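Following are the structures in question.
Presented sequentially are two complexes of chain A, the first with chain B as partner and the second with chain C.
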Partner chain A sequence: MLWSNFKTLLVKDIKLLFKGGMLIGYAFGIVVVMCISVALPMSKISVSEVTVSTLIWMVLFFSCSEVSQRIFLDEETKKTADLMRQLVPPSVIYLSKVSANSIFISVISLGVSTLLVFWFKLSLTVLPVLFLVMVFGSFALGITQGIISYLVARGAARGSVFPIVALPIILPVLISLINITTQVLESSPVSFTLLVVVLAQGFAVLITGILFLPYLEKGV
Partner chain B sequence: MILSIMRIMTPIVIIPSLFYCILYSPVEKVIGITYRSIFFHIPSAWIAVVAFAVSLVGSILFLTKNDLKYDRFAHRSVEIGLLFSIIATLTGSVFAYYTWGSAWNWDPRETSIIILIIMYAAYLLLRNSISKPKLRPRIAAVYSIIAFLTVPFLVFILPRVTSSLHPESIGGGGLTGGMWIGLAGMLIGFTLIFILLLDLAVRIDKGMEEKL
Partner chain C sequence: MEFSDKEVFSDLSVRFDSGISVVLGSNGSGKTTLLRVISGLQKQTEGELEFVGFSKGFETNEMKSIFLCSPDVSLYHELTVVENIKLVSNLKKKAFPDVSGWDIEDHLDKKYGELSSGYKQRIKLIASFLINPEVLLLDEPEQHMDEKGILKLTDEIEKRNRNGLMTIIATNHLWREWNVVVKL
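After this line comes the complex of A and B, so read on.
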């Protein structure tokens, strides 16, 4: 029963994200960042690997935050959220929505890593590592932003609060991801400790969400 | 009873410790008396982490037991933690200015404490922006739990996996016996102050709610 609810919600959210032209919008944003990072060296302004990694992850962060807000706040504004909460436990809603978000961001980031390899003329051998970093990073970003979106949407807080509330929680993950991506772009040895930290935080937030979100609905 | 003993103990511990740290603690061989700011810096940073941990425990207890008393502890503990984080940042900047030549160096620990300050300021912002009063403490509690998940990374992992100017990271930081006495006194004194401040803030909250 829970599994079928999860699947239904996941399919609904994935359809919403991939049909709404959002993918094209975010892909365009990332292409603009990549073009800037290629155009600046042409005009003899040197762009370091750190700058490129930072830009890429910031774009992914804001894409992810926009997606999270959209799939959570839409339910509240359409007044479908209350009905959904009556039918499905909050942890299942949270899990399906963060899965949809993580899949969406992973698709974007896989495209980004392929573009990075070609634009930076990286060896094809780094592609699997870059894919791994991008997918793990998207997973951690999706999960963390998902729980914050859930809280902001549930409390009917002002939407503008979202980036202010989400950014500090995400910063440790972002710092780690920027460091790892820089290492990959520089073709230097990758710190897998940082990758483990990113994954660990993702899992910790996921488990916290599953454990504590049901308490939000108790006695309300 | 325990709180009454603490009220008496606090000045007995903190006043002699202050005099000792400022006037009599040994002079460091390399940086002289400048190091004395650590007698305020380390206890403040310690209290900040303790306060955030208290907020975590208060939040979990509030969610599981559904008693507003724990929410008051969690909320006020974050405010006190923020105050001590700011004190730790300021005293650290004084130390950095005289020791490393600049008040701010983007050292991993400096970055960590700034992220902590922003994160818990965001907790207060989120709490005040929630328009549903019944949900306010619940949402704040879940946020506080998630916020604390990043504390081990910021306090313990980040400064160890990146290079830092802080003494323990570059193989220094050897405090001598006399310095440890002052530091221990200040740590105990600051902890007592934190407990008394938290108790006072929670009692004021309770009184205000009863009045309403």
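After this line comes the complex of A and C, so read on.
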């Protein structure tokens, strides 16, 4: 029952991402990363791998923030949140939105990593590791931002406060992801321990969200 | 009971029995707040709410057999009417309902957000009757509806009544000879 409700909501959330113009945030992210990816090698300016990794993850962070807060806040402002609250448990609502956001940012990060390999003339052998880092990183980012968006939306706070609230909580994840991506771009040995730490934080936030949200809803 | 730190009503003791009950009151008297409290979407500042005799597992604010249809509850503006109804029917494991009589056949493929207020209200009521909860809370259900729509609405409410289900209607004018349980 919960699984089928989750699938139904996930399809709905993905449809809304396409229909609600929420892809603008993602599109903006792609354009910025593409411009950077093209401009840097052409400019012949020496840019370190750590700068590139930081730029990529900051852009992914802000585009993920944009969509994440909108899919949660829109439900409140368009009065659909109370419909969903009456039909499905809050943990299912949270999971479907987080999954929709994570799937989208993963697809974008895969595109970004392909561009990186192409423009930085990296060996194709780094591609699987880069894909792994980008996909796992995107899920950790999506999950962590999801819970903050849920809280911001539930507190009827302004959406503009979201990145300010989110950044300190996501910073450890971002720093870890920047470090791993730098290692991949430098073709140096990748610290999978850091990747496990990122995944562990994502997983911990996910479980906390599932356990905590029903109590948050009861305290309406 | 308070709303936005303003006391809406106090010393209210009311009992709703199965069947159709009407909560009558003028604008701002607290009808919507009362229904939101019963539905579990809002918590009362003081007092208790007790549900007696419902099916096992019934508890307010849980995945419950209670549903509030009010102007503060909307369907998805970006989805079509069919997509919205299918969403509700899939979540409640129900078949797509018979919508004849609601006069919406020509609007099924339109986006919900593009419909007039009267049609939006019809779609919300179709979804509410599709959910078919043990307790259906209708907040000003006649709002924006024409005579034909109101006739269909009363038919559906009477049908629920015959099936032994409870319907609580909040309204600011008496439009049927139903039992007024409380006047706020």
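The definition used in the following text is that the second predicted complex is superposed on the first by the 194 of 220 C-alpha atoms of A that agree within 3 Å, B and C clash if a C-alpha of one lies under 4 Å from a C-alpha of the other, contacts with A are read in each partner's own complex, and residues count from 1 in each chain.
Just so we're on the same page, contacts are C-beta pairs under 8 Å (C-beta built on N, C-alpha and C of every residue); 3 or more make two chains touch, one makes a residue touch a chain.
Fair warning: this is a prediction, and the values are worked out from it, not measured in the lab.
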{"item": "Most chain A residues touched (candidates chain B, chain C)", "value": "B"}
{"item": "First (chain B), second (chain C), both or neither touched by A:I164", "value": "first"}
{"item": "Which superposed partner A:R85 touches (first chain B, second chain C, both, neither)", "value": "second"}
{"item": "Touching partner for A:L16 - first (chain B), second (chain C), both, neither", "value": "second"}
{"item": "Chain B versus chain C as contact partner of A:N5, first or second or both or neither", "value": "second"}
{"item": "Contacts of A:G111 with chain B and chain C, given as first, second, both or neither", "value": "neither"}
{"item": "Chain A residues contacted in one complex by chain B, in the other by chain C", "value": "218-220"}
{"item": "Chain B-facing residues of chain A, complex", "value": "144, 147-148, 151-152, 154-158, 161, 164-165, 167-169, 171-172, 175, 191, 193-194, 197, 201, 204-205, 208, 212-213, 215-216, 218-220"}
{"item": "Residue ranges of chain C touching chain A (in the complex, touch as defined)", "value": "39-43, 61, 63-64, 66-68, 72-79, 83, 87-88, 90-93, 131"}
{"item": "Chain A residues within the chain C interface of the complex", "value": "1, 4-5, 8-9, 12, 15-16, 19-20, 78-80, 82-83, 85-89, 217-220"}
{"item": "Chain A partner contacts - residues on chain B that touch it in the complex", "value": "63-64, 66, 111, 115, 118-119, 122, 125-126, 129-132, 134-136, 138-139, 141-143, 145-147, 149-150, 153-154, 157-158, 161"}
